[in-house]
Amino acid sequence: MSRFQRYVLTKAAWFLVAFIVALILNFYLPRMIPGNPVDTLVSQMAQGGADVQAMQQVYNTYIKEFGLDKPAISQFGTYLQHLVHGNLGTSFALYPTSVNSLIANALPWSIALQLPAILIGWLLGNLLGAIAAYRGGWFDWGGFVGSLFLSSMPYYCLAILLLYGLAVKFQVFPPGSGYSSNRAPNWSWGFFADALQHYWLPFLSLVIIFVGGQAIGMRSMAIYELGSDYVGYSKGLGISDNRIVRYIFRNAMLPQVTGLALSIGSLVGGALITEIVFSYPGIGSLLFDSIRQNDYPVIQGITLLIMVAVLVANFLVDIAYGFIDPRIRTAQTGG
Amino acid sequence: MSAVLPQSREQATGLSFGEALRARFRSLSALPSGRFFFSVILFLAILVFAILGPTIFNQHDPLQIVGGLYDTPSSKFWLGTDNFGHSVFTQLMFGTRTSLIIGFVAGLIATGIGVVIGTAAGFNGGFVEEALMGITNVVITIPSIVVLILLSIAISTRSIYSLALVIGVTSWPWTARAVRAQASSLRTREHVDIARLAGANTASLIVWEILPYMLSYIFMAFVLQLTSGILAEAALSMLGLGPSNSVSLGIMLHWALLWESVRTGAWWAFVPPTLFLTIIAFALLLLQSSLDEVFNPRLRRS
Amino acid sequence: MEVRDLRAYYETKAGPPVKAVDGVSFTLDEGEVLGIVGESGCGKSTLASVLSLGASPTLRIKGGSLVLNGEEVDLEKMGGVPREWRGKIVSLLPQRAMNSLNPTSRIGDFAYDVMKAHDSRVNRREAIKRASQRLEQLGLPARVLQSYPHQLSGGMRQRVVTVISTLLNPTVLIADEPTSALDVSSQKALVHLLQRLLEERVITRIVFITHDLTLLSNIATRIAVMYAGEIVEIGTTEQIITRPEHPYTRALIHSTLEPEQGVRKRKIEGLTGSPPDLRNPPSGCRFHPRCPHAMEICTRETPPRVGTSRHYATCWWVKQRVEAMNEGDLRDTVERAAHTA
């Protein structure tokens, strides 16, 4: 087995363990809520004046869905069984809407917001960081303090300030939401153009902060590389500065790939709240509403989705890292 | 987290605890810039505002209703009122206090767990190290915001301290990782060998020969944990999972968003907590990075 | 090749600069290996980096020039050796070969980059071919060109670095403590490789910087002894080893070349104290605080060069002895003349 295959298998094994832990957490933590969540729900409905028959029907649905009449371990079995069939359950608040359909409506918005933000932010941040490290001087100092300020700013803080500044005070962009209220989502150019207008502010607020964090990481990696022995030796052989910068950039980039994996989790978390700030119709806003309505099946579905997404993203980045770092990719020969 | 883990810099020999500390902090005299002082002063100013503010301005109840919905700032209420008619200025003092308390407690818990696990892994090596670091790496890959959400909806009463506990127990892996790297590089140092030959047991080796040399890194890790604790509280509170019956910077933002202060232009309700969160995080990260340059000279520019 | 009055100072944030190289001159003829020895902190590595790299943000060249192949380069004005010369005319054999190769380049690609830096017309295939011919010529496996640095052993990496440093047949190779991180057998292999390169006339001159006099006596044809940023004595290897003049050279030879008298002794025999602070070097002769023969004049005035340009020592004590000897010679001659008369 090659070194690379071994690397991939080890990584896969670790992610499998992490996935199982995530499943267990996702199943057991909400069950620590004192009392039976279904009872709470039904008593809320009773206060709302629902009729007895409807309440009984709702009650039976959830008892069956969660297997609440059975022991915890078989409840976990039921839960896994549902998951295998891709069934995340039924919403409490919007009974009888399935969690699947709620998430399916929100997910495309979140992906469209976060994926480009991650990719563009990462590239731009690394470029700026490398330039700052290499150029030094005022560009470096200003860039460093600026990036530090930006990257220490929570995503949602910039989002709030941008929303107020560019949508309320100066009405350059529409004030939040994913599309104008007089439109319904459909696949037309008109809707797309409208959605794009609403897209810029949340997108910018994510990208700007992400760029700052990546630039800082890249800068310190590149400064570290600048002091390496191979830089001095390459200079001593007359290799041009451009070529040496390319060596430095490539070598400093490697840890930054791992850095990308690590920052995906925090970006997703930050993006959740950014969506709330802009009332963007994605997963974050759905989570916000379900927390306020104690809609446990939806909360649980979303947390599972996020965990899986972050785990998969991390795994992919790790594999990509193994692929681009020759120290992992190539077999070891000699000592 | 600091990108560069320091190499063994001084060939330290059997120094006593005090000497080791002094050796460590002698390098502090080589502070590279005003950034260190700037960040310390900034953070102290916020600390003083949160601790002494209520006494200075004679405001003791942030939940007292003093006005109407979003009253504009006036000479009496410098930052106006929020959606409930509370004074934003008073809320800001108490909110900052709550956020800092949660940050400190969560930071202490996370740093404590991280140092114990990291030292145990790094100092023992072998199977213990593999197992502990395996656990750490698994926990690191699971996004902590999700675990935080799940834990917060699970606990019955969300007090300031239970929230701090929840944040602390989910954020230790970073510290454990950094401390392990330190501890395992220290393990092979000469002074540790000398002490071991002199018959010191594991506990005293760790207390006298390992921990003193890691103090600066532990402190830097604590600063990071403090920052992330404050921000985690804010994130949870904005989602509606903040401590009940109290005010924090995140809770202020939560209500400001829920009551549409941004779209109605009531800037005094959301700008102060936003700025405070940013300034606190900025000051602490600046402090951390300037300390990092002191302890890792390779990061320093000529 | 000639180095004239080279001065290089490290700037410090506060206070005077560190005068790491202060007025160093020497000549190096074809076929010669000039060894430069001294304790650590005497400025020998600074000399190497000035000759091969040039200035850095902290290291300033304050004067001096380099004459090579009939061209003179003002090192102060140029800020060091021009890029076009580096690797092609003046090449560097670095201190830590282990880390001197870019970890993410294959050896062959790095060799190509080196050739390309001096001849933009060279293509990759040609470069690899030339590099593998050179490796084979020196009895090394050409397949290392396909490898990444981490795939090679330490000794192999050192040899590969040596080959790359000399790929373009540089006029002079600056070897900066190339053996310091090697085990004894790798040290021997490296010295052997350098001798082979000289025999094959790939390179014609080496400046070999080390603190290991024993090693130097095997490869150097001439030796310069540095102390506190200055050359205190220079001569052929034989002259330096068997008839050292300067008290510092004597102490150095005495302690390092006679292993039976306590091999592990770090301190130089007969010398107390440590090399001076180069921010404020001692007045007069920089060695006088540690010199067993120090006289009053040594504390005041810079010592003169005694001898020829190819073999001299800068020392008042040596001057006095030579004068005494010359007087003695004179007396002999006079007496002999009187006798005959």
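Chains here go by letter, A, B and C, matching the order in which they are written, and residues are numbered from 1 within each.
The rule we apply is simple: a residue touches a chain if its C-beta (ideal position, glycine included) is under 8 Å from a C-beta of that chain, and two chains touch if they have at least 3 such contacts.
For clarity, every value in this text was computed on a predicted model and none was experimentally measured.
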Q: Write down the pair of chains with the top C-beta contact pair count.
A: A-B
**Q.** Centrality ranking, top chain (CA atoms only)
**A.** B
Q | Separation of chain A from chain B, taking each centre as the mean of its C-alpha atoms, in whole Å | A | 22
Q: Could you give the separation in Å between the centres of chain B and chain C, each centre being the mean of its C-alpha atoms?
A: 52
Q.
Distance between chain A and chain C based on Cα centroids, please, to the nearest Å.
A. 57
Q: Spell out, as numbers or ranges, the residues of chain C touching 2 or more other chains.
A: none
**Q.** chain A to chain C touching residues, read off their complex
**A.** 228-230, 232-240, 243, 247, 250-251, 254, 325-327, 330-335
Q: Enumerate the contact residues on chain B facing chain A in the complex.
A: 2-4, 134, 137-147, 149-151, 153-156, 227, 231, 234-235, 238-241, 253, 257, 262-263, 265, 267, 270-271, 274-275, 277-278, 281-282, 284-286, 289, 298-299, 301
Q: Spell out the part of chain A that touches chain B in their complex, as residue ranges.
A: 14-15, 17-18, 21-22, 25-26, 29-34, 136, 140, 148-149, 151-154, 156-157, 160-161, 163-164, 168-169, 175-176, 217, 220-221, 223-224, 227, 255, 262, 265-266, 268-270, 272-273, 276-277, 287-288, 291-292, 294, 296, 299-300, 303, 306-307, 310-311, 314
Q) Any idea which chain C residues touch chain A in the complex? A) 49, 52-53, 83-88, 91-92, 94-96, 99-106, 113-114, 117-118, 147-148, 150-154, 156, 161, 164-165
